[in-house]
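All chains are identified by letter, namely A, B, C and D, in their written order; residue positions are counted from 1 within each chain.
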Amino acid sequence: MMIVMQSDATQEQISAVVSRVEANGLKVHLSRGAERTVIGIVGDIRVVQPDQFNHMPGIAQITPISRPYKLASREFISEDTHFTINGLPVGGSSVVVVAGPCSVEDRTQLLETAHAVREAGGHALRGGAFKPRTSPYAFQGLGEYGLELLAEAREQTGLSIVTEVMSVDQIPVVMQYADVMQIGARNMQNYSLLHAVGESQYPVLLKRGMSATIQELLMAAEYVLSHGNRRVMLCERGIRTFETATRNTTDINAVPVLKSLTHLPVILDPSHSTGHWAYVTAIARAGIAAGADGLIVEVHTHPEAAMSDGGQSLKPERFAELVRQVGAVAAAVNRELAPQPALPAGVPG
Amino acid sequence: MMIVMQSDATQEQISAVVSRVEANGLKVHLSRGAERTVIGIVGDIRVVQPDQFNHMPGIAQITPISRPYKLASREFISEDTHFTINGLPVGGSSVVVVAGPCSVEDRTQLLETAHAVREAGGHALRGGAFKPRTSPYAFQGLGEYGLELLAEAREQTGLSIVTEVMSVDQIPVVMQYADVMQIGARNMQNYSLLHAVGESQYPVLLKRGMSATIQELLMAAEYVLSHGNRRVMLCERGIRTFETATRNTTDINAVPVLKSLTHLPVILDPSHSTGHWAYVTAIARAGIAAGADGLIVEVHTHPEAAMSDGGQSLKPERFAELVRQVGAVAAAVNRELAPQPALPAGVPG
Amino acid sequence: MMIVMQSDATQEQISAVVSRVEANGLKVHLSRGAERTVIGIVGDIRVVQPDQFNHMPGIAQITPISRPYKLASREFISEDTHFTINGLPVGGSSVVVVAGPCSVEDRTQLLETAHAVREAGGHALRGGAFKPRTSPYAFQGLGEYGLELLAEAREQTGLSIVTEVMSVDQIPVVMQYADVMQIGARNMQNYSLLHAVGESQYPVLLKRGMSATIQELLMAAEYVLSHGNRRVMLCERGIRTFETATRNTTDINAVPVLKSLTHLPVILDPSHSTGHWAYVTAIARAGIAAGADGLIVEVHTHPEAAMSDGGQSLKPERFAELVRQVGAVAAAVNRELAPQPALPAGVPG
Amino acid sequence: MMIVMQSDATQEQISAVVSRVEANGLKVHLSRGAERTVIGIVGDIRVVQPDQFNHMPGIAQITPISRPYKLASREFISEDTHFTINGLPVGGSSVVVVAGPCSVEDRTQLLETAHAVREAGGHALRGGAFKPRTSPYAFQGLGEYGLELLAEAREQTGLSIVTEVMSVDQIPVVMQYADVMQIGARNMQNYSLLHAVGESQYPVLLKRGMSATIQELLMAAEYVLSHGNRRVMLCERGIRTFETATRNTTDINAVPVLKSLTHLPVILDPSHSTGHWAYVTAIARAGIAAGADGLIVEVHTHPEAAMSDGGQSLKPERFAELVRQVGAVAAAVNRELAPQPALPAGVPG
């Protein structure tokens, strides 16, 4: 931490700041400039709060220096993290595509969509059984029955299951059926949930909050990692800005920034980050071109009848075209689509 | 809902949209303009999803018309909602001031601060026992022991207790000790929590998420109201913008906008909405001038030693000056500070 | 400026940074921490560009320290700047209210509005003769004829004239008729215009750009001040955020922040900062409560027929009520409305 | 335009709105719903101002329907606009790369950079002779001498020249030397400048303002187009958001959105949209993958010594790698880099 004194700070004010720093067991380095004195604080700054100094007279500016996250940082782990989910490699040289409906609505819809995702080249199936909805009057998901349908879809297609967990008490049942627990954007700073998911040791897809900074996303990941759960994927899903032409603004910069700051895999969700199916494929291509390790895409066999987010869902044939185009872009950046999972025994290819 | 067709939409495209609307059991009104045809949808639009139409060819724009919240709206309840908390009137002509430390840190700190709040003219005591913290390594609150200290402070000062509840499982213990449950900004769209708090029938202070729209805040309130819990206060606590001179941007416009859209009481939190003690009093005055029904302010007897948010906490003497100035502004807008609660029996004034 | 080295920076990398700093004729102070080395740069940092160092290996973070503006800063001039415009005091203990139509539309409209502003208690008249419009097809203002009408209104009412100047070539004609040149939000970083207005030595009302930071506003003021023109008023007129319930978000925090960083007078424009007449009076009160030195308000005798911004204009009777309420709030914060200018000789009061 | 009445609007209020619409010579279509009445306005809505109705009692919401731009729209011109600049094709199937220093600093720097851009595969040379700078104390550009150097660079390399014009009086001299006039982000709504550039009939690169909506960018283009100047390129250069990890947020969504709304070519500026050289190549790839028609990139032979924006400038060898990678991505989306311009006669290849 650096504390910059005002140009007219007195010697007493400077000494008072130095004393407080030393009272925390830390050392200072004083730098007296032509205009200002700067007090550098040496040691583990996690033991002091920058806020402590706000009330002291004579201070112009307080600047933290060390990053507040550790386990998530490239400085701590320089190699890319990669792991497998039911054999599907995540975070290495290959690119994964997770796809499926926003909500699990009924058996026919889900199984049809799952087969379509498999045939189009997808690697895992997404689908919400517990749905966070802005309105209390909107469809809230099928709950455990939705999870059962997802598990049935995995049996038929071999696709791993990614589904959202909204509260601590849902974790056991979600673990019983799914392969990856998704933390939704609205829960990125639900610390009770992050703790519990960290303890679960289950793979996590952590979505960035719609107005969370990249640093806050990494701090949320740090919560999960701090419990020893290392299988964390970060997901950029668009941020909230003044622009209203799209539902959110895809923060494509976040892809190379995250790849530089952290070793964790980065997934892009072009469906939520644009909010309109017509832009999904272009942004999916952009995400892979920017260096993302995968995509999560909304697909629905009948988007016009979807109970949620139909407007941003792709029909299966458009999704197949997305996979094809994304594969071409992946090759242009020296990557390739991951191999699809093996079909379950007894299922005809 | 209005569906605006593209200028070159065909008759078939128009008919297809009309058919889909009617399939939902609704009626349409067609308006054929010089440039475009507009399809008005008549009936309860909550039964259709605007998203349903995104995939239909020939559509230029879809505009919802009815507001998606009902119980929270002025159209539904035109009179201001007011209620009492342990005798303290909220939402009427008087103005309430809630104050206290960010976190309950220890017995001495809390009781000293509570007495200082009482002496300065405050009406209720805030203090966090369960703390949502960006970093997993930061102080997370004293938990139930913190709640016990808050209850002891109430016994000594007569101040009602406002404290945050972060997860469903904390609700019973918080209800045992506190008078108002605060939903923090990061949990404004934690729907599991909103449901449970709604069912609790306990008074709620609902903070706006840092990037939640005013409409989303009202939708979150609707979750609580839909369980029959009508004692809801809305709290503007600053939104996230590009400006970095302050921690957040106080959306002062939200005060008159909320007063116009809803009957619920509106509270301003100038401590979080500015992030720096030096600006808190000016913004507190502004909030009351704009029509807010109350304030929630961070006060700490030793802010420089606070374990969280010390930089935005007022010392007791500055808080007393805030109460004095806010009282003068309240009078200028034909309101007055609420009477302080009676001292508990046996406590010397 | 502080340069923070990465935790694994080599001694060669540190030495290279030090050499570059010294090559600029500046001195360094080295601070070696447990985790990182920090290089403090001593001297006038305006001679070095932080960008110079971005390419050097081993650097983690670069932090400027000195503020980039000088003449506008409280550190340079600690006393509030105040001056008079045709006898009207600006920036002292009293509060000024500028009001009038968005655009000068015709003689009747302008003169009626000017008299209404005068009668309601206003101090100066605003009105646009040159209008920046988003659409090339919208009304672009009456030009010099509009300025003539403004001058006629001054003759009849004694109100000083504030009007926008959009380009360098308009400056001479505007100076011929008006008392204060307004730089609009869209031109806040039109440096050619800022230079020319600075050289004019004419009073300036400088509006904050809709996404300009407070620091950028002060830098724009510095452009004007650097030509020796000290009569600059800063105007907060709302910033662009994600919230769409209002046209802009009033950055009420900017009022106390500006009063702390600069000695220049601060004016609030609640008409643009809300975009809807129904919220203007509440936000005008809030601005004065927060410490603003004045207001600029849109008033129109027939807002429903206005050629621009009618929706945010107040009718004269509502404006009179605004002045009354603002006067009460001003008194509550120990200020008062400025005295109205004397009526011109020969004009019956 | 659609006017939605409040649920409790009276018949008189509805009739009053209808009368006002008809007074503008337009027709209405009334749609009476279960909850509300909606008044559709038929005819050229550019003759009425939505603001006109804001003051009328009983109105809940006003929604414009027609787009406010025409010449820029795909509805008006469905085919992609393409044109050539000194033989360089813009806006067709090929992709162009404009590159060069932020500022023209001296003859050696510029000519070295120009040759490096040519050798790396660039198509045109950018470089500022007139520089908009946040600080009045910063380097403001070489002016006409800078333009002379740019023209000399064109003679030596065959690269067309793109340079910024900041004010109307600079247009003639810029036209004398350059091939494309750039309107900078800060001047996107400098309407005097847009008019004059429109009248010049000179090719224009129009940068999006840092907080301009996509619609406002198209309205700014409409200003230029309305003077018959059709050679307009739109440039996404990042928008201002809450995220501070990068200088701006690349609005990658804007690429497919613009390609859908307008026929004009779309260029991406990854240097300004990220603000750091380390992210430029990844975002350049993303831009082409998303469908952009070209790039404008900052390149400097000695970025660490650049007088402006050195931190986001690429060294020539990194730029050459960018061109190579962008070429691979272009091929993956069925496009190719434009052929480089012929070398001037007498210049050895």
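We take it that a contact is a pair of C-beta atoms (placed from the backbone, for glycine too) under 8 Å apart; a residue touches a chain by one contact, two chains touch by 3 or more.
None of the values given here were measured: they were computed from a predicted structure.
Considering every other chain in turn, the ones in contact with both subunit A and subunit B prove to be C, D.
Counting hops only between chains that touch, subunit A reaches subunit D in a minimum of 1.
Centroid distances built from C-alpha atoms place B farthest away from subunit D. Comparing the chain pairs A-C and C-D, the larger number of C-beta pairs in contact belongs to C-D. Between subunit B and subunit C the centroid-to-centroid distance comes to 31 Å (mean Cα coordinates, whole Å). As a whole-number value, the distance joining the C-alpha centres of subunit A and subunit C reads 40 Å.
In whole angstrom, the spacing between the mean C-alpha positions of subunit C and subunit D is 27. Residues of subunit D found to touch two or more other chains are 211, 240-242, 244. Those residues of subunit D that touch subunit A in the shared complex are 211, 213-215, 239, 241-246, 249-257, 260, 273-274, 278-279, 282-283, 285-291, 325, 328-329, 331-333.
Every residue of subunit B that touches subunit A in the complex is listed here, in rising order: 20, 46, 49-56, 68-69, 132-137, 166-169, 186-187, 189-193, 195, 209-211, 216, 219, 222-223, 226, 240, 276-277, 303-312, 315. Those residues of subunit B whose C-beta lies close enough to touch subunit D in the complex are 2, 4, 6-8, 29-36, 38, 40-44, 60-61, 63, 65-66, 75, 211, 240-242, 244.
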